[in-house]
Structures are given as C-alpha cells and as structure tokens.
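Pasting the structures here.
Below are two complexes that have subunit A in common, paired first with subunit B and then with subunit C.
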Partner chain A sequence: MKEKRAQDPNDPVLPAVEERELVYGGLEAGLGEVFEVPIGPIHPALKEPIRLTFKVRGERIVGVQVRTGFAHRGIEFMGMRQGRNLIQILYLSERICGICSISHPIAFTQAVERAAGIEVPPRAQYIRVIISELERIHSHLLWAGVAAHELGFDTLLHLTWRVREKVLDILEELTGNRINYAIPIFGGVRRDITPDQYPKVREALRYYRGLLNELLDAFLRDPTVEARTRGVGILEPKEAEELCAVGPTARASGLRKDVRQDRPYLAYPDFEVKAITPEDYGLTPMGDVYDKIVVRLLEVGQSIEIIEKALDNMPDGEITSFPKIPALLAHLKKAEGEGLGWHEAPRGEVIHYVRLVSGEESPLVWKVKAPTYSNLMSWYPMFEDQEVADIPIIAACIDPCICCMDRVYLVRDGKEEILTKEELLRLSWEKTRRMAR
Partner chain B sequence: MKAEQVLNALKTALGENFRNPELRPRPVGVAKKWTVEEIWAEVPREAIPQAVATLKSLGPLHISIISGHDAGEHIELLYHLAVGFGTEGGEVMVTLRTHVPKNDPTVPSICGILPGAETTEREKIEFLGVDFVGIPRRDHVFLPDDLPVHPWRRDEPEVEKFLHRMVEWEKGHEGKESAGS
Partner chain C sequence: MSGWAIFGQAVLAVVGGGIVGLVFRGLDRKIAARMQARIGPPLRQPFLDLGKLLVKETVIPKTAVAWVFSAMPFLAVLASFTALLYLPLGPFRPILEGYGDAIVVLYLLAVPALAMALGGFASGSPLGVVGAQRELVMLMSYEFPLAVVLVAVAWRLSAQGIAPAFSLGTIAQNPLWPWVGPLGVIGLVVLLVTMLVVTPAELAKIPFDIPEAETEIAGGLMVEYSGTYLALFYLADVVRTLVMAGLVVAIFIPYGIAGVLGLSGAAAAAVDFLFWLFKLFVVMVVAVTTVRVGMARLKVDQVARGFWLWGTAASLAGLLLLALDKVVMG
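Here is the complex of A and B:
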C-alpha cells in the first residue's frame, strides 16, 4: 500500500498515505516532521480574537506560541490620557469584559476608594457580594455550555444555557440589565435590593440548588465527557504555582488559591469562603479539563450558599456614602493617593491599581489586570503533547476572555491549506464519536 | 503569614536597599472584622531579583501585575506581588516600587525566579520601552510588532499626533456614521 495517492481535498488535515505512515510511524521514535499550524486570530473557542501558533508532529502538539492584542482597545490609555473623570472611567471599566462585567468595576471602585479614603456602607458591600456571586453562577454555566459544545455535545450546551437564563432574569430584576449591571459606584452601590425582590432571588437559588446535582451528573458521570476531558490539558500544581495561574485553572490543579479566601475584601470575611479543589468532590486533583469542570460546577453551589447567607444577614442602612454625584466628583477631584483593588472574578484574580492626583479629574495611573492575563502562560504546558482535535477544549478550559476562530492555516511544505472553524470543530466532534463507540 | 514576618525578612535580606517600608492596614468585613495588611516599599532596580527571591523563599509567590508609568525624569515600575496563598487571610500583598532612568531603561528580569512574570514584563517592553535583561521571549504580546512608539510614555510626540489624527478623523466621519446606521 505504498502507492502514492492524491490527497483528498475534503480531508486536508490528514496527510497522504505515504506521508501519514512516516508521520505516525515516526511518533514513537520521536521522528517525523514538525509543522507549524497557526490558529486564529479568529479562534474556535470563544468569540474573541487570539492567535495560537502550534508546532505539531503528526497529531501531537510539540510547541505553542500565543499572540494576543487583536482586540486591544487601549482602555487604560483612554482612562489616563483622554480627560475622562473617574465616574466615566467606572463605566469604561465595566466594558472591559462583557461576561464578568461586575468584576472590573468592583476592583476599580475598591482601588479608588482606597486612594481617596472613601468608606462603603455595610449594606452596599453585601449587595456587591450578591451581584458578583450571581455573576459567577451565570459565567460558570456559560462556560460549561461552551465546553460541552467544544466536545460536540450540543444537547448539554442547550440544557446548560437554558438553565442559565434564570440567573440572567434575576440579574435583570435586581439591576435592570442582563449584563453590564452598573451596580457599584464609589462609596456604595447604585440600586438597593428591595424586600419584594428577596423571594424572587431565593426562588432562583432553590431552582439552581435542585438542578445542581443533575448538572454534576450530566457532566461528570457521562462516559463521553470523561473520555474527552480526563488526562487532557494537564496543568501540574508546580507549573500552576510558578506560572501564577489564577481562579479555577489553578484550583483544578489542587492549589487552594482564591482571593476571597486568601486576602478577603468587602464583606467576604463574613462568608468564610474556602477555595474549592477537586478534593472537595472526593477526587485527587489532576489538573486536567475534567477537574476544571468539577471546580466550576462546585463553585456554582458555593455561590448559592454565599448569596443565601448574604440575604439572611443583610444589614440595614444606607447604600452609598455619597448620594449626590456632584459631591462625590468634588471629593474625588480633591483626593490624592494610590490604591489597589482586587476581586475574585469567575475566571480568577482581577486587580486594579489607581493613583490619583489632587486637582485632576483623571487618574495619573490606572493599571488593569484581568484573569486571562495570568492564565495565558499556563497554556504552554497544557497544550504540550496533546492532540490537534483537543485544541478547542484546551483553549476553552481556562475560560479565556479572548478568542474565537474563523479558520486555521495549515502550512505544509510551504503550501497553505485553510481549515475553517467548522472543520476544526468537526475534528473535535469526530473524536468524541470515536470515543463514544 | 503575617505582614510583619514578610517585612522583617525583606529588611534582613536587602538591608539598605529596602527603603521607606510602609504597612497599610486594610479593614475588611462587616460582621466578622478582619484586617488585610499591605506592604509598600521602594527597592532599587538592581535589587528587584533579590527581593523577589526572598519573597519566594517565604511561601508560594504570585505576581499579580507590574504597573508602571512615565514620571517625567524616570519611569516608575510597581511590582504587585502576593506571598503565601492557601489559607484564610494568609496572603500578604507586597508592592515594590522601583525607578528606572530614561537614559538607561533597563531592569533585571525576574522570569528566572518567577516564570509567570513573563507576560507582564513583555507588556512593559511594548508600552513603556523598558528593557528587561534576561527575559526569555521579548516579542510583542499586545501591540503590532512594527509599532515604533511606546504608548504610555508621556514624552512620545507620536502619541499626541496619533490622538490628534483620531479626533480629526472622527470629525470627518461624524455625519457619515449617523447616516450609515
């Protein structure tokens, strides 16, 4: 069967027979040619641009290069240099991320409050906690759906996203919006939670509590999901620590690293949050994609508990220490100092640094750190020695806030072949089908 | 881990190089009161790797970000590090401030001690034109490879020109945009 065969144009990934034997045969011996496969800047996982350049030998990945910045909007520059005042910047910070759209304002308001010496009333702190935990529920369910889709398990995607609607409805009820809630303001929050809203939130929490076990079963007891995610995209605890991974990505590797626990902020000490690792589900942490699913789903349960506790113990009183915006702006203009604000977003640690100068409306310095920024480096060990068909799920497993793919260029012998997003997903789905048999 | 412990370790290891240390308590919690302590200090640029290595010897070390800005005569970099995660309230936030002169904008890289710092160091190369000596990869992460300016520098005339061009462009497109949408 050494006869040279014309390559099937509908199957561009697989090399022609002779070449294939060389590539696969050489795998064990460490031989075979290395090809470069640039993926993106439009990417398969989420709808945001990033370019991953893989070095592959046959079906195995031997190296990866990450290039971001295709959607760099210069938000920090806009805040520092274009004459915006802090309240305008607050709304700008909310638009850094569309999914965790309360995480950045929470970190930013804390940084400014530290710099300007503003106190936050207890009730406002509780409201901020409630909204951020509701956001965590919606973000983790969103991710779980995306993960199911990447595996070719669309029934589970539709199930998860249908379930997710309830929390978006509650966020709309409490804040007026499904996303971009505009809740925190310097010195408090913009809207109160009224007594007639409590039962609605509680009812939603009951709904999720009832569904959580079903969801855990659907994801974790499914043999196909397990086959596609166990042992895939492993991040060792040592690597996670050295590469400064954050959020569920680090926790899935067994690191008990959670900002809400390690250096609590706002009202979080009241809830005694404990970082969740797969050990809490009776598993030994392996740091693979399966463990990342475990951690995220367990955190949905944790968020439910935090919100329930917050509703039970909600303090009375003011929701902001500056009810009048002009007074707030005047105070901020006079303020001088620097401050750090942090928050455990659904994806991990968010941190903002702000320095204010008296007499200026804009901050002198504003630096934003989003969780994906820290998790970027953990892709390097995760992709190592994995299969091309596992790229979508590994790329998605850190829940990146940049991504989405249009097509893949396969560069082979200097010729470019184009693999569309559909084809890459098809590869992933075919693998699922093979394994399910 | 206690902030005092971290402060003393840094003082002992760095000696005179550890300047103006400050403990900033941060009261948190409503029903259960708690104080999170932050350490802020100045360290000359050549002592940064030693300071980071000292922090690493105390417990698991995490770098959040390096923030920086153009302070006129020099560039100021702030290393936001967190040491000792894993227990409730057990992490101490340490911010090391260092000044980099504009005529010799180099800082020793800390990637050898803490590989996770690579992305943020590369970002500073692009945005502030600071060079990190010993960084394993120095190609751009965010900005186009051929961009000749460092956008966060305040002495970049090109940035002002670019902003001016953008304002002019927006003026020229105002009518068209509204007609289009």
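Here is the complex of A and C:
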C-alpha cells in the first residue's frame, strides 16, 4: 500500500495526480515489460468501489495491491452514538448490505438477544430461517448472473436474473419488500407467515427445484464457461484455511465449513445442515472459480430443501416474546452484558458483537464482521500468475460485498492514515479500557 | 467507366452502406435482445447513438500521442468504406473493380484493427495498451485462416481457367459449387465454416471481443475515445460487419433469385439486390448475433491457440480437399 499522502479535498476518491502518472504505461511500456494496470475504484467489472492495482507483464499478473476504504459509511459509529435506541440501530444494521439484508439483522438481533437474555419463540426462529434461506436463493442467483456477466456471457446474466424475480416476489409477498425485509426484531419477528401463504412459497420452491438442473446445465456444461473458469483463481484448501476464508469461497476449496453446521443457531439444529463442497456434485474440489459456481448452485438446492422442511414442521405459537415495543425498549434499556451473534450469510460467516450497558439506550460497543472481510485476503493467492482477462471473474468469485466489508477508514486532519500493527494493538487496548471503565 | 461515374457510385455506396449497416446493427441488437428475453432497443437506436456521439465533446487525453490518437478513427472508417467499394453488391459488379482485388480487401479489413490497436497504444491508458496488445495477437491469429480461404477459392477458379481469379467480382460470378465433386463440396463447407468462425473474430464480437472486453479492461483500446472519434469507430465497425458478411456471401452464396422468378432488367437487379441484403442479414445473424448471444468471452491465449491450431488446420484441410477434388475430377 502507498505511503501517507495528501488527499485532495475536492477529489476524495480518485488517487492523487502523481499516483495516476505512476500507473501510466502508454507507448513507452511496450510489449513484455511490467507495468501497472489500475482496476477501480470505478470500473465496469466492480460493482462497488475498491482499488486493485495489478502489476502486469503482457497478459500475466505478477503482483496485486488491494486498497479498500472507498465505501466506508461509519454505520457502527452511527449506532454507537448516544441517543439511538437498539430498534433504530436494527434498521441501520439492515442497511449494512443491500443483498444480504437479512443476514446482518439476524446476527445483530441474536447478539442483542444473548446480551439481554431474550428468548425467541420457535415459530419466530423458523420464520427467520425461511426468510434467510430465501435470501440465499436470491443472492446466489444474483451472483451467478454477475459471474456470467463478468465472463462476457450476458445471455446467462439476463436469464438468471429473470428467474431470480420469482424469489423476490415471494419475499415481497412474505415481508412487504423485495430487499430490506425488516423481519427480525429483538425477541422474534415482525410479521407472521400465514398458512395461506405456504402454497405460494411451495410453488416457488417447485419452480426453482425444476429449474436447478437447467441452471447447473447452463453453467457447468457450457464449454466457454468451463474454458474461462476451470483452473482459474485456484485457492488451495491450506491457503483457504490459513487466510480464514469463509462461506462458499472456503467450501469450494473443499473445506466443510459452514456456521449452520459448525455452530447451529436459531432453528438450524432441526435441519442438520451439511456444508456443501464440490464433492457433493461428484467433483474433486480444486478451489477454482468453476467449483465456486458448483457450490453456490448446489446451495440453492440446499436452501430449497431447508425451506420445504421448515414449512412442513412449522411450530405454532407466538412470533415474538415482546409484542409491545415500549416493553421491549424498557427491557433492553435495563439489560447489561455482551453478546455475540452469528449467521451464515450467502457470502459466509457474519458476526456481530454487542455490549449493552444498563441505563443506556445505545450499545457501548457494536462490532460487525462481514464475510467479505475474511475472504478478501484469499484474493492474493487467487490472482497469483493469472491473466488480466481473469481479473473480473476472480474478483467476483468471492462474491465481494465491499461496502459491508469497509468497516474502518481513518482520516485524521484531512489525511488518510494507514495503521501499523502496533498502533492497532494500542487502539484495541484503549478500547478495552474504555469498555471496562 | 469515367472517373465521375465511379465517384458517384462510390458516394452512393458509402451513404447506403452506412445506413444499411446501422439498420443491420439495430436488427442485430433487437434479435439478440429477444434471444436474451429482453425487449431491446428500437431499430433506430444505432442512428441515435451515432448522432449523439457526433455532437458530444471529443476528449484527447493529455497523456496521448495526439496526432496518432486523432488520425486512427479516420483511418479505420476510410478503410472500412473503401473495402465496401471492392465488394460485389449483389447483382452489381464491385465499384472499384479493376483497381485492386481480393488481396486489397484482406488488407483493408486488417487496417481498422491495426488502426484501433495503434489508437489504443497512443491513448496513454494502461487499459488501452492491454487492449491494443490483445488486438495485435488476435489480428495475427485470425488473418491466416482468412487468407487461406480466399487463396483456396481463387486457386480453384484459376485451375478452372477463369481469370482474373483474385477479383471478388469474378469469384461472385462463378460460384464453385457446381464444378466440384463430393470432396470439393466438403472442402468448401469446411472453408465456409472457417469463414463464419473468423467473422466474429474479425469484428471483435463475443466470444472474440477480447480487445474491448468491457468487464475486464473497460473497453480496452476504445477506453479513451469519445465523441466524434468514437462515432467514427462505431461507423467503421458497422460497415465492417457488412463487408465481412458481404465477403462470405460473395465467395460462398453469390446466387440471385431473379432468374428463378423469371424477372429481367431493372426489376431483376432490384430483386437481386434486396435478396443480397437478405443474405447479408442471414450471415450476420448466423455468424455474429447467435454466436455472441450463446457464448462467454474467451481469453486471448485460448483464441490464439484455437485459430493457430484449429483455424489453420481447418482452412488448410479445405484447401487440400479442393486440390484433391481437382485431381480426382480432372
């Protein structure tokens, strides 16, 4: 990463002029020499701002630098400011990510429920599971379309996104919104799934079950898709483990790693979720992009099964243990303690940490770890010795969610700062002391 | 023909070629959209695009080599339109017949690609440089099979005793199909398929849109072009599509339908001309639209390997089959 440098106040995103000239290859670069190719922060291959600077010899990548921090919104800071109560923060947590917009609230509500000792009725747990699995279906289909687009296969993008509409319709039917469902609340859910809605959900599931084989065919049997993804962006299992990759990124490398399996939460123990790896499709995991497509598409099938099972065994009863919001707020204000919430988002494990202090409405600490944060490092081995043409699909194959991941960005006196390990350690000590009071 | 007559015809062909090319681009986009379950843009969209680009500001980057950067769009568009003038236009002989032959067309088809590559190098953008390098690799890989196809057909014609064999007008007037035996038919089919595969590569369309590769290098060699210059490249591309389709039609399916319908004179010419446009359209849909809808973008090394190995092998096999056929048929 570059040293500290002055930031143009009018142009906070684009790199400073001298840096831009540094990357200029031009005619002098010629053939066969190493020169830098900047990708981002604004680039057609990236759906969100992040800066990847590649050192390239011809078509071969010889080095990469990742710079983040273009989409930091300070959501946790907004949440920890005095004067916001936890229900207001719940809405904030929903807006950390537009695509996994139930994953963050699920992790956040769990963290708060653990901190405040709130029980969640079984029916509410099932509803949370159903919505989050529906979200997984839409998220994986979205990713598949984006991946096809990155490969230049726009037909597959259009067709995948077209079939994705069905699950969005169901989500709208169940929650009132296509995204940002606002379903979980501390102690339960906001809306019930009524029995007359079951057939509609079942019908959508049948639709996707019938479609799944076609999707697998379209993606996995297509010779051009195979030519572009087989052996591209390989992440060895050892590397995946060392770099703490999560979610489909890790599973495609053959690691059976899934929070729903390893630390079941909510109603997930009832479904005995097993982490899916390419082995389940009869393939030896290579950890390449092809395997990541396999895993994600198979997970669509897994989600269908989970939802069907959940609909069959839906328990009766209340949907929330606090039907009245003022009572809930009063309980949360009295609560003291810390809690951790986790959830297997479509992209991997998301973790929220909350510390509540008695007598205060806002939490003292709210810490979010999005899956992309764990997966970002796996880019480095994946980009190694690949071609420029592979950049978009490798960048996309971890299904990056940049604005979820951008959790810290330090600007002091108008200067962007890079923190060293020691400084980070010092900051964490200070924070611990502040929390201990 | 007098110089002025040729000039008049050329102006007519250039204006008509531009309009037909843009209409074909509109059709191509509409059909592709329907195949992808989209509604697609209206037919006049390419005209709107071109008009909009023409009135937009043209930016020349500070880091660019300005004169090369500015000259290349004109070179590309001139070469594309000139290639059109060497093409038999349905029932009509090539306008510039006698001033050059099929070899000139080959060169004229390569010039826009070279111009784009030089423009990319001169643009001063790393993405443009990557795109330009890719364009040069592509050019080297697909030109050989294309040349072999032309040479094979011309050689067979000259073996038949028809001259000048390298004139596209002659090639179009003397289709090879009736003279060759079964081996020759197979050879011609192989050559036709080679030609149809080369067509999207020549036009840089998916799966061969590698030099531009929107998601990879953000438009590659086009990345710094804007306004009028981009419009010129757009026009060159549109006309080149016509020329490539026209080449395929001239070599392999130069037949008219006026004779079948029992027409003669001006009516025959008009009907044959319309039929020729229809053939161009069919070739475009088969070789460009369906292919670009049905495939992902390949990588430049995959394409180079494919053309050098399979493209070359296929075109040489076609040539060999034609030669064997000549030996067998006598």
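Everything that follows uses one rule, which is that the second predicted complex is superposed on the first by the 365 of 437 C-alpha atoms of A that agree within 3 Å, B and C clash if a C-alpha of one lies under 4 Å from a C-alpha of the other, contacts with A are read in each partner's own complex, and residues count from 1 in each chain.
Rule of thumb we're sticking to: a residue touches a chain if its C-beta (ideal position, glycine included) is under 8 Å from a C-beta of that chain, and two chains touch if they have at least 3 such contacts.
Nothing here was measured: the structure is a model prediction, and the numbers come from that model.
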item	value
Subunit B versus subunit C as contact partner of A:V37, first or second or both or neither	second
Touched partner set for A:A227, first subunit B, second subunit C, both or neither	second
Which superposed partner A:D390 touches (first subunit B, second subunit C, both, neither)	second
Which of subunit B and subunit C A:N313 touches, first, second, both or neither	first
Touched partner set for A:R67, first subunit B, second subunit C, both or neither	first
Partner chain(s) touched by A:L243 [first = subunit B, second = subunit C, both, neither]	first
When both partners are placed on the shared chain, which of subunit B and subunit C touches more of subunit A	B
Subunit B/subunit C common contact set on subunit A	none
Subunit B to subunit A touching residues, read off their complex	26, 28-34, 36, 38, 60, 62-65, 67-69, 78, 80, 82, 84-93, 95, 114-120, 140-144, 151-152, 159, 163
Residue ranges of subunit A in contact with subunit C within the complex	21, 23-27, 29, 31, 35-38, 43-45, 56, 58-59, 148-156, 158-159, 162, 222, 224-225, 227-228, 387-392
Interfacial residue positions of subunit C with respect to subunit A in the complex	35-38, 63, 65, 121-122, 124-127, 129-130, 133-134, 206-207, 209-210, 213-219, 293-302
Residue ranges of subunit A touching subunit B (in the complex, touch as defined)	66-69, 72, 74, 76-77, 80-82, 114, 122, 125-126, 241-246, 255-257, 261-270, 272, 274-275, 313, 315, 340, 342, 349, 351, 353, 355, 364-365, 367, 369, 373-374, 376-377
